[in-house]
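Next up: some structures, all given as structure tokens.
Paired with chain B in one complex and with chain C in the other, chain A is shared by the two complexes that follow.
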Partner chain A sequence: MSAGYDLIVVGAGYAGLMAALTAQEAGRRTLVIATGNGGTHLRTGCIDVLGYIDGKRVDDPVRAAAQLASARPTHPYATTGVEALGVALLVFKQAMARAGYPFEGDGHTALLLPSALGAARPTALVPRTMAAGDLRRPEPIVVVGFDNFKDFYPALIAENLERGGHRARAIMLTAPGFEHEADLPPLTLARAFDRAPFRSALAAQLGPRLRSGERVAFPAVLGLTAALEALADLEKRLGAPVFEIPTLPPSIPGIRVFNAFDRLLRAAGARVQIGHPVIGFKTDGLRVTALTSQTAARDRDWACDAVVLATGGVASGGIVVDSHRVAREVVFGLPVVAAVAPPETVNGLSAPAAYFERPTPSLPGLAVDAALRPLDATGTAAYLNLYAAGALLTGAEPWREKSSEGISLASGWRAGQ
Partner chain B sequence: MESRTVRDVRLTLDHCVKCNICTTACPVAAVTPLFPGPKYVGPQAERFRLELEPMLAPEGGAPPSPDHSIDYCSGCGICSQVCPQGVKIAEINTRARAAYVGGQLPLRNQLIARPDLLGTLGTPFAPIANATLASPPLRGVIEGVLGIHAEAPLPPFAGRTFQQWARRHRRVRAAVRSVAYFHGCSTNYYEPGLGALTVQVLEHNGCRVIVPRDQTCCGLPLQSNGDFQAARAAAQRLVSTLLPYAEAGYDIVATSTSCGLMLKREYMEILGLAGPEFKTVSARMWDICEYLWHLHEQGELDTDFQPVPLTVPYHAPCQQKGHGIGKPALDLFGLIPQLRVVEMTAACCGIAGTYGLKKEKYQIAMDVGAPLFADIRAAQPDVAACDSETCRWQITHGSGVRAVHPVAVLAQAYGIADL
Partner chain C sequence: MSSLTTEILVIGGGSTGAGIARDAALRGFKTLLLDRADLATGTTGRYHGLLHSGGRYVVKDPISAKECIDENYVLRRIAADCVEDTGGLFVETEHDDPNYAAEFVAGCQRAGIPIQEIAPGEALRREPRLNPRIARVFWVPDATIDSWKTVWANARDVQIHGGSILSHHKITGLIREGDAIRGAVALNVRTGESITIHADYTINASGAWAGQIAGLAGLPVTVLSGKGIMIAMNHRLTQMVVNRLKRPADGDILVPIRTVCVIGTTDVRVADPDDWPIEEHEIQYMLDEGEKLVPGFRQARALRVWGGVRPLYQPPSLGAVSDTRDVSRTYTLLDHTDADGLSGFLTMTGGKFTTYRQMAEVAVDAACRHLGVERAGTTATTALPDSEEGRFYWLGARLEKREQDPHGDQLICECEMVTRQRIVEAMRLRGGDLDDIRRTVRLGMGPCQGGFCIYRAAGLGHAHAIAAAPATNAHLQRFVTERWKGVQPLLWGDQLRQAVLDDQIFQGLLDIEHLPGWDSVGSGAPRSAGRGDKAAVRPAKQPSGSRKRKTQTGGDA
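Let's turn to the complex of A and B:
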């Protein structure tokens, strides 16, 4: 047996985990190596595919992705191909179901879910714990919050839902057993929801205040390890459909997704190494032959036949932008396109609007060839066996399009082939 | 004075974006409200501790840190490993605990932080000492007087030391390379058999194994309990013992993974020891499995393993993960025919060195370890494997399953000794 890996994936967000699972389950010896946790823990835990084109909400995310891909050949969906997107969504759904954390949605129907501000949020796949939140359903919504759980205000959410034409009201509770806590973190609540006695005490408080025909929204903390059980149990005790609304990070639904991937990867024999920052690489000129990470005592090389770079974009530190607005990809020093344009200045200071009002077609990112290989300065693949996936890819506006996880899964699946 | 390295560690707090990923991974915050989580106690509270920094200097005594919950950090280090921004949370917290303790350790902590002293005292009287440690009524007295929990896993003294074995041991094969073996206190006083297996496994692979005499405690228990001054003295002593071997170009292998991590990095990053001798020794340090896998990568490991038809759950302890070397024990196990290895995914066994021995923290440690114990039992194992001694004792205590160092599994596969 050789001491190296068939594939090393750098990064442990949606793109990296998808690439790794795809490769490992195809029989390739795979290593996931990452500085820390990230993408999963900071996002909603839903799979956005495409919510808007030019500000207009779409009805069929996958079809709309195909339209976008043909209209914008530089968009990641144009590179991955929309077939890859469809397959990736299916593979993801099957994987999560196997891990005991099933998702609903088929990618061809835009689901509309309430945000933590009560806005309608388009997405494509949602965990079962959020499915009953679809705003196209008629039942009125009771938004439940906890008085010492911060940044989730049921009255605000209900009011905004009402403004959006949905019937909603708010109930504020005190979490049983946490009456004396000044601040109740999401994880503490999630672990409480894992326990039946907590759910029973909570249902006893809440049940009498519900009216028939309502559905109940909680912050997305309905269990860390036993979410499905917690959901079913609460629905039974309350006699009403129950769903979660994503909160500020850390994202409990996102952690569930990471844990599901982690279990599947290890069960399939992949290695997952968090806390191993990659600081360099070795090459024979044409191919990457090893990645270098820092250990406690010395640098160490991890030999490999191929690399998927999924370190995320600017937000995750995969690309850094210095104070001169020069963008740099951190592992390979690959050329970054669509670097941040100089913002407009007012009295010598940056105008805040310049950051948000379309300064460029996208965030800084990597240009890739049809096989997702990042391009060097001459416009050809930098290395024959180096692939990029996820938020590193240039050409998208995920925050505007609501396309983040879809791009990550599609490109992760392609790169893991 | 503060070393450059310590300053670098400190400055990482400015990279904290308050995402709370560390808190999601913290095994202690998961089971007790007494520890709110690494972010709150670490990068967040550190800003209020800036004025205390001068008192962290080797000479200094220090007033209490403003945040008393720091004492409930077990020091496992998982927070630093999961941080996507590279904030050295655990390192910051360990230093903050030293400021909180201010060098004033209670008697109990002074005792359990000195395994070499305990070993020296206990070894000649092993039968009496072991009978005492195994007696529930006497352990009840010890708990009452000292605050060491009556059920906490204290290992029995072996009654003979590994150093005694090493002195009598004759080399059996011609060697192609020489290594020095840093065995640590636990191997010397409690598990001399592990030291013997390590020497034999290394010799089996063509190594001449030198066991430096007068190996003293690395100082980790002192560091964890907040006595930096004594920890620095221990570090100086041990490094001066190992330095000649490092300077002579010997690789130094360690079987105590947390002690090895001290020599590799923590002397510099946490204790702030800046002398060149610390770098010299660090550069030569290897965890035993890391070293054996390194030999394999060079094509120099004997891979003629006999089948080991056993089911072995493997738990990589927190400090092993802190090395940043992957999981070489799993890699090595992958070379052994018929061995069925189950990689554990639970974060931590809870013991964290001396943390779980303490009366007020014993139950926290057991609660932290509960998912791991359950997973180990569920694997229906013949034996469990884990690189760290205190974690092995805790695993056996919590799960009822005997736990061995990965080297013991390799030794069986080489036909050196059965598990």
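Let's turn to the complex of A and C:
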């Protein structure tokens, strides 16, 4: 058995990474174990805090989160507290700046960014690579796509932006140097943007077609490791502000966030193990004393003083539901609330809840106490030193209300304390 | 009101109607095929996918069994491109009566169905996932057949032979002159306009709705609706069709078709062919029966559930029928001239997909007799378009094509290997409605149920000027709504995880609920919709008491 860790974080999405960074930088020896990558790789790479309450767009995300927390005591923001949210956003911003991938926004102003369909999508913090996309700015937008990249449709984005009252037009190019590849994967394109010759060939094609005063939107593939450099270089070559619009997974901006966390964690001395499912745990009374993970050659025990469970709920496999509709938290077998009920059994499909009219909230998750400790069947903390964070927490409608990353960062920061 | 003239009008664009229209067109009649929705969206697009050998019916319904084996051979010849020659097994599990096998063997002999008993060990070698406790196994010439492809091939041949297709037109009345039907009145459900169709002869091939259509002529025809549900599982758990060796019952057939296998089905009488439930206990029953055929069935990923209604003709002499499974699966020709003294009109209903061609030939024979012309049917020997070479469909076909030029085109739908070119071609032909395109090329039918490919397909439709942004948005929103209906009852396991990921994409990433033209206040229902996209114009909140939702079958609200 290895020397013990002060904290083991299970899960490497926004919540787990935030918890680990918080703990490690507070001087606690921290280990991150995860089966695979989490939400970072699937989402926009922006930090959503709260975009909509009851279908109404909010102007001040953090204040709106406070309102939501007091109106709905079952919402994760009510448990984490909004002070934690404010601090977590600040900590996150500082951390990303240190890692060389700065974010903009202060959490109190909703930034409006074009979605890959051309909707005006509210968010709270955005990486610098997206900042020029804020739709409250006046410059007309040129949306640039590549006909050999299938995850981005500039004309549709532009027309929807126009109809939403923003000036926009579209340009379709072929990614230079890839003329014979019809189906470029996003990672290939992102790595191409890391290289100056690619950018210069692109700018040579695009530059002459730009009009003065325009800003230029690309799919969010502007470099994997050298995004800031790519951005500055393109802006210089094109003489126009440049920004990215996030599109289908895998999310390049999200991967950059993951990589930034990973660098910071390792630099601070934490250990990060991706690809190792946790398959068991040991206890002493009401305390978790070790976790067992599966490695290539053998199962391995890791002693610990505390555990943060951030396995991501249903989306990331932290909670599974079987065909009898029984939900299970996979690591500790904790009781799951708000399990997915079958649709009104009697009426079934003759009256399916239509997609856009679904009631709230439908995702199963864990109930926790004020210290974010998951509850057992009797309603008290299952273990004294086990905390839960992120999408495991029930009570939110993260994608509809646009709150996913805010919840993860706030609960991750709290759990890492 | 505008009007059209044709010699033969066929009401109903399922397999029966499309088959009749092709038969008539090949005999030289000017033919019009009409449906209230897209073709093959009635029972034909909601069936189990089995080209019956007839084995299922040999004991209980021998006439139907004989029809099936005859037509099984015919369709292998004329519709090869739609058929996958999987073969089928009848297996006796520990849950089945061992005495049935002898009856089955005798029945197959009587019906002329070639069967072959194989040792359970050999069957398990060929189908390793089968229940290892099977006692007896018989091979039969079952196959699977793609109903959409078949109907579209028939329709194409109608057009090739000078006929025409009118989809999204609902018959609202029949034109009666004295004791003759002289055509019909149809409502274009997308524009709201009515059109008069003058026809020498009208054939009612509207399946479970045939009673409704005959009722428009004042004829009391009773067609019962026998609802069945099916669940598509993500893999082909078996490569052959597997039937339980027992009297036909629920959940006793597993059909591998395309990339999936489908467990089914049930048979419950419902009052309204347009409004019936899929119930949780039915889903659980399918899974339990699946376990009996393939242990571990419940762990496989359930992709989508749907249901269809069998048209079961009830002769007036039969009285009330309580169990629709007891109504014969053979077809019925109602010759309204002979029976009701009303000329120019007949009804063909009941039967099976497998027997559609025979039903069509019999119907057009009767029409010829009444029209006083002698023209022989040729459909038993004339291959459908794309089936001329007699090559069966096989699962690797799309991959094989792709391998020849792996970088040549984009894979828009990775699950079903649908390329950009195919989608754009389909859209040029059929417009940008993504649900229509789904049925045409299987877009979005795989594990992700459209999570990735639907954004791409919408973008392509827009980029190729097939639909402007408002229509594209409406198509997307409608697709997502439609998909949800078939996925919502199956939210467990990997499919639940997928549904959450898809939500993350549609709502979280794309913010589909806040596209321009949508009401940003309230639940985000669309304010305006694209051309005729009925599902998208529903008011935001339906009163919870309103259980009638009829948009599914294409707008007969």
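We adopt the following convention: the second predicted complex is superposed on the first by the 395 of 417 C-alpha atoms of A that agree within 3 Å, B and C clash if a C-alpha of one lies under 4 Å from a C-alpha of the other, contacts with A are read in each partner's own complex, and residues count from 1 in each chain.
By our rule, a residue touches a chain if its C-beta (ideal position, glycine included) is under 8 Å from a C-beta of that chain, and two chains touch if they have at least 3 such contacts.
Only a predicted model underlies this, so the values are computations on that prediction, with no experimental measurement involved.
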Exercise for the section: Sticking to the clash and touch definitions up top, decide whether chain B and chain C on chain A clash or fit. Expected result: fit
Practice task
Using the superposition on chain A described above, determine whether A:Arg211 touches chain B (first), chain C (second), both, or neither.
Solution key: neither
Completion exercise
Quick note, chain A centre (C-alpha) to chain B and to chain C: the enclosed angle in degrees to the nearest 10 is 90
Exercise for the section: Examine A:Gly317 and indicate which partner it touches, taking first as chain B and second as chain C; both and neither are also allowed. Expected result: both
Exercise for the section: Could you tell me if A:Gly164 is touching chain B, chain C, both of them or neither one (first, second, both, neither)? Expected result: second
Practice task
Could you look at A:Ala297 and tell me whether it touches chain B, chain C, both or neither (first, second, both, neither)?
Solution key: first
Practice task
Based on the superposed arrangement, let me know which partner A:Gln273 touches: chain B (first), chain C (second), both, or neither?
Solution key: first
Practice task
Could you tell me if A:Leu187 is touching chain B, chain C, both of them or neither one (first, second, both, neither)?
Solution key: first
Fill in the blank from the handout: The answer to whether chain B or chain C touches more of chain A is C
Exercise for the section: In the overlay, answer first, second, both or neither for which of chain B and chain C A:His41 touches. Expected result: first
Practice task
Please indicate which partner A:Pro249 is in contact with in the superposed arrangement: first for chain B, second for chain C, both, or neither.
Solution key: both
Practice task
Could you tell me how near the closest CA atoms of chain B and chain C get once both structures are overlaid on the shared chain, in Å?
Solution key: 7
Handout entry: Doubly contacted residues of chain A, that is, touched by chain B and again by chain C
Key = 42, 181, 249, 317
Exercise for the section: Going by the contact rule at the top, pick out the chain B residues touching chain A in the complex. Expected result: 19-21, 23-25, 29-30, 33, 36-37, 80-86, 261, 264-265, 282-283, 285-286, 293, 296-297, 321-327, 330-331, 334-335, 343, 345
Problem - Complex interface listing, chain C residues touching chain A - result: 275-281, 283-284, 287, 298-299, 302, 305, 307, 407-412, 420, 452, 455-456, 458-460, 462-463, 468-470, 472-473, 476-477, 480-481, 483-486, 488-489, 491-493, 496-497, 500-501, 503-505, 507-517, 520-525, 538, 540-542, 547, 549
Practice task
Within their complex, state which residues of chain A touch chain B.
Solution key: 1, 3, 31, 34-38, 41-42, 181, 185, 187-188, 191, 249-250, 255, 262-263, 266, 271, 273-277, 293-298, 300, 302-303, 316-317
Problem - Residue ranges of chain A touching chain C (in the complex, touch as defined) - result: 42-44, 48, 55-57, 115-121, 148, 150-153, 155-156, 159-160, 163-165, 172, 180-183, 246-249, 313-315, 317, 320-325, 340, 342-343, 345-357, 363, 398-400, 402, 404
